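Below are two complexes that have chain A in common, paired first with chain B and then with chain C.
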Partner chain A sequence: MSKQINVALVGNPNTGKTSVFNNLTGLNQKVGNYPGITVDKKEGSIKLSRNLKAHILDLPGTYSLNATSLDENVVIELLMNKKDKDYPDVVVVVSDIENLKRNLLLFTQIKDLGLPTILAINMADRMERKGIELDVEGLEKRLNTKISLISARKGTGFDGLKQQIANYQNLSTKPCLQASEIDTEYFGALRKAYPNQDLYKLWLVITQDVNFGTTKRNEIQTQNGFTPKSTSDLKRLQQKETIKRYQFINETLKATLTKDLALAKGLRATLDRILIHKVWGYVIFVAILFLIFQTIYEWSAYPMDLIDESFLKLSEFVTSTLPPGMFTDLISEGIIPGIGGIVIFVPQIAFLFLFISILEETGYMSRVVFLMDRIMRKFGMSGKSVVPLISGTACAIPAVMAARNIESWKERLVTILVVPFTTCSARLPVYLIIIALVIPDERWLGLFNYQGITLMLLYLLGFATAVLSGWLASKVLKIKFKSYFVVEMPDYKMPILKNIAFTVFEKTKSFVVGAGKIILAISIILWVLASYGPTDDFDNAEEIVTNNIETENLTQEEIDTKIASYKLKNSYIGHAGRAIEPVVTPLGYDWKIGIAIISSFAAREVFVGTLATIYSVGSEDEQTIKKRMAAETNPVLGGPLFTFASGISLLLFYAFAMQCMSTLAIVKIETGTWKWPLIQLFGMSGFAYVVAFLAFQILK
Partner chain B sequence: MIQEILVLLTFILALTFLVKKYFWPQKKSKSACGISDCGCTK
Partner chain C sequence: MFKIILNSMLTIIDLKKGQKAIIGEMNSDDIPLKLLEMGCLPGNEVELVQIAPFKDPLYLNINDTYLSIRRETARLINIELKVDE
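Presenting the complex of A and B:
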């Protein structure tokens, strides 16, 4: 019978851990979430021998076992909890040959947990070029471990690594050094108080800044007459431990690693001088953004048209194949257009993630964080706020969580409050459809597409609003404390195509699947609410329309449209929509957009699906989503509903309004009160309403 | 009639999904290294 072991991949950020995971597992991998939190859980499997399989878990990157963020917590929780189903039989610590000294801090900590541990040294192919020589055998002896020299880029060394994993039972579990030596008296008393527990794990539990799940660090200090130490004393001891570890690492590397510094200098310094230059750095960054948004529009036009047409054909196929009835209508008018409304944006979202992952893979993104730090400080925010604000371009939820590594509570709060202003990927479908409707598909100076420019301006607007509102909030909250900012600048690298492909695939899939389920559910509910009505007016629509309007000069198609329109107006959703119409009319919207706005308070991306569903109900004439929206007329002003004025008003509303229940929920969890999410909900949405109102009234 | 029933069932399913997602979200994992009953035990 085949046996399965758990293998945990652990390592510092930027060591190529995910590339190692991709090399080991290939396509046998899946991405999920850790229960109750939105930290990605990447797992895969490989066959090591005929009777041995390995379940590989790619844990979030961490610099040490002293957690400062939720994803670092995930690593520590797993490595300390023997009851966890993923508790590793063997840990593979991935390190980078050029940053071995820093990487070994985490390695020595994990080794001291008594786990069988392998050290996988990545980027070994660069050793010669960088003038590095390593005595592998000597290092193995000093660290009591097995070492694999690998290159995720070239795919070398993985057979050896797999072999070492398969032989995990022969690995030494002897620790690298005894942490208890930093204060023998304290650790002696601790051992006496908790004789059945592993001393180093106990020490880690005591010194964590955040409690993990059910762990309460205060509890441990008050039991069995054990004399607790103050927080500052514990911090001092922790520093002593780190110094002791680095002393050990320095001695070890001095004896086993040599580096010819003359060979180590080169391209990096030259590129850094330009890319983080106080003027050229920003110019280059804006130029790169500009090119990205132009390209997104240029490249995705054809696949988007193809998807739109395909969904239209699918609807027609369902209508002509299935027996006529309400359920068939639900599928062809509710579900298919609703889902089509999100799938159509897959090309643009995929291209956006493609460019973002290229920037990350090459090491440029860290330079952007460094550049932005200069601006952030001028607006009273921490340099550490840059990371949540940049990750907010994907989704505000992990961005709010990323604010956990900001030490100052006030700075963290300000960051949490302003993060939802950055343009998340859920806004993208709304922006794309509105831009396509109201901004001409023409070129500025014959080169740059106006639609691409508008999209870039919306991203910059989101970031600028976040920074400005952060400045305002920091004034209101009277922030005095300033934290330090440390960012790692990895070496410039050629991006690995496989990694980029995986990232684009996973991010796009999680967007479509995550949003798709909500959109599907909302589309079904909206269709039902639009297809049934509370009064006789709905049931007798055909009779009422035929009796009350002059139908002699109308074609059958026009009469059908009038009946469908009358039914929609008298449906449940029509009643609700008309009730809110007075509120949205001053912004240039009709009641259908009003309904779409309300439904997108669940999640912004629902907007397009909602409109696609509402506009499809009862429509005999099958059309693409864009054409349906373009054909809508304004009930008050006449003419097209989506004009430049109403379009800009809608874009601004979505840029500023707080329309994401999940973000509100996570802000509540992170701040521990409903006060801040409610301030965000009413503050941001109220501001959005005022700006959208002004924009429409000025531009109309 | 069957189609009407299918619509009703789909509607209930969709409504249940949304209510469950937004009003009864998944609880945070309780599995962690605790003190009394913890994975720290040798």
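Presenting the complex of A and C:
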């Protein structure tokens, strides 16, 4: 019989915990969600020996068991709940050799829960270079545990770690600190009231907001003649606990760890001098952003063209091989262009996630937080808001979630409210196709591509609007809050390629799958609405058109096009589109764009797919979407539909409008009320309409 | 002209770049627990590593942990200057 054990990986942020997880599980991993909350749940499995398997759970990074965010709460919830199916048989605390002192705080807390706990010390390969010496055996004795020196970067030490996991039953579960040592009087009373419970766990239930079996927090506070303490008294006790723990840790490390301080600081000091310099720091930050967006634009062009062409060929192939009929039409005109519309911007999303994860892995992102805090505070946000704002360029959903790290509620709320203004990748396909249509493909000073510059300006516009509306929101919102900001400044590290590859793959995949479902459904609905009509006009289109143009001398092909567009105009979607045409005409759009905008409220990227579907229904000719769009004429003004004026108007509309149901849903979850998403929906979209209207009227 | 500095009233914001001190007592009600857990506790050493361009936040090395906090929090943490420097 093969046996399976649960292993939980716990550790401070920036200790390389996730790369340890990647090293242990390899490709045997999946990312999901914890039930009911939107925190990433990473799990995988490995074989430890012939009949022992381990299920490994990578818990969110945390500095201690005292949770300050939803993510951190997951850790304590799991470690306190014996009934959870993931409740670990053994915990591996991942720490990094250079921050061992701080990392051990979490280790002692977890050990005191009575769980078998292994200490894995990562980045052991840096010890020599940093002048660090560690007496592993001595430390094992003092901590009553087993220690593995590992290096996720070099992939060393993992066999030993696996061995220790397999032998978890031999681990001591003796605590590092007896809870009663924290405060004899208080814990004595607690012991009297609850003689059969674990004191440290009771203490955590009192101070943390966790569910703990049947014992509820309030009951502990009031029952069994136990005198409750005020919040500030409890906090004083927590401080006392922390001091006691550090006393233990300092004594332990004094006897086992030596550091050559001169060697420890070199790279950090040198890089910090430049990267957070009062001038160069900002110059470098802006240059990096510029470089990222320029590269994304240039690099993605080739794979995107390739994808566009391939989907066209696929459509043609389906049309020519499958027997003609409704089903074939649905596939070739509805589903394939619809999916093509999303696959086409996989390259861009992947590149964006690539750059963001490099910035985070190297430790540079914390420097940006440090540089930007003072500035962001002027706009009602925190330096930490920079991370959501940059992540927002990939997708607003993870960005809204990333705002969890912001400790003060007002700064967090403002960040959540303005993040959807940043240019998310769903806007990219819309921008790209419009830019390609209305901005010349030439170089300025023979160096920078005009189209690239336009894209850059749109990104800047997104940031600027986000920041300015943050300022407005912070002035309008009357929320009392305690300012609070603690950011670790991690060491600079070369990013580990494998980690980055995993991150890019996972994020791109979840994006494509998530958005893909919506887009596929919408493409099918759109195709149906465009292929059927409510009146006889639709069914008799051929006859009507042929009768009307008898006198004109047209080729068969021209007649077919006329029939097709007559059909489209009289289909369900045509009726709906013409009904809203008066609303969108002042912005320079026709009813087809109107339909595309409406379907964009499911997700912006649907825009291109919708136009692709509408236009491929309207024409027998297989051309690329871009060529089809360029050929469209403006029904009111005549001339091409996509002019500089209508193009800019459309770009601005997409820049400002709140058109993403998924973002609205996540904002509702994170803020706990529909108030804020509704404010976003109407505020942003109303603003977008006004700006797009002004732009078209001025430029036309 | 004598300038009298009362050691007990110095806080982290009085440090100069590169200067070290020992953390003194603080009112834990106003200090985030997370900061305490990062090692900002009475008796530990603090060094002001850098000051951000607009004088805020402060980049510190506390008890071997590098972190940054805002001026308004730093103001609440008393320090005693090390005599031997």
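Heads up, the rule we're going with is that the second predicted complex is superposed on the first by the 628 of 700 C-alpha atoms of A that agree within 3 Å, B and C clash if a C-alpha of one lies under 4 Å from a C-alpha of the other, contacts with A are read in each partner's own complex, and residues count from 1 in each chain.
Keep this in mind: a contact is a pair of C-beta atoms (placed from the backbone, for glycine too) under 8 Å apart; a residue touches a chain by one contact, two chains touch by 3 or more.
Remember, predicted model here, so these are calculated numbers, not experimental data.
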{"item": "First, second, both or neither for A:Arg374, with chain B first and chain C second", "value": "second"}
{"item": "Which superposed partner A:Met326 touches (first chain B, second chain C, both, neither)", "value": "first"}
{"item": "First (chain B), second (chain C), both or neither touched by A:Arg578", "value": "neither"}
{"item": "Which superposed partner A:Lys201 touches (first chain B, second chain C, both, neither)", "value": "first"}
{"item": "Partner chain(s) touched by A:Ile276 [first = chain B, second = chain C, both, neither]", "value": "second"}
{"item": "Chain A residues contacted in one complex by chain B, in the other by chain C", "value": "none"}
{"item": "Residue ranges of chain A in contact with chain C within the complex", "value": "63-64, 66, 68, 98-99, 101-102, 105, 232, 235-236, 238-239, 242-243, 246, 268, 272, 276-278, 281-282, 366, 369-371, 373-375, 383, 407, 483-491"}
{"item": "Parts of chain B lying in touch with chain A, wherever the complex brings them together", "value": "2-4, 6-7, 10-11, 13-15, 17-18, 21-22, 25-35, 38-42"}
{"item": "Contacting residues of chain C [partner chain A, same complex]", "value": "28-29, 32-39, 41-42, 44, 49-50, 52-57, 59, 63-70, 72-73"}
{"item": "Residues of chain A that touch chain B when the two form their complex", "value": "34-37, 77, 80-84, 87, 196-198, 201-202, 205, 212-216, 219-220, 223, 323, 325-328, 330, 517-518, 520-522, 524-525, 528, 602, 661, 665"}
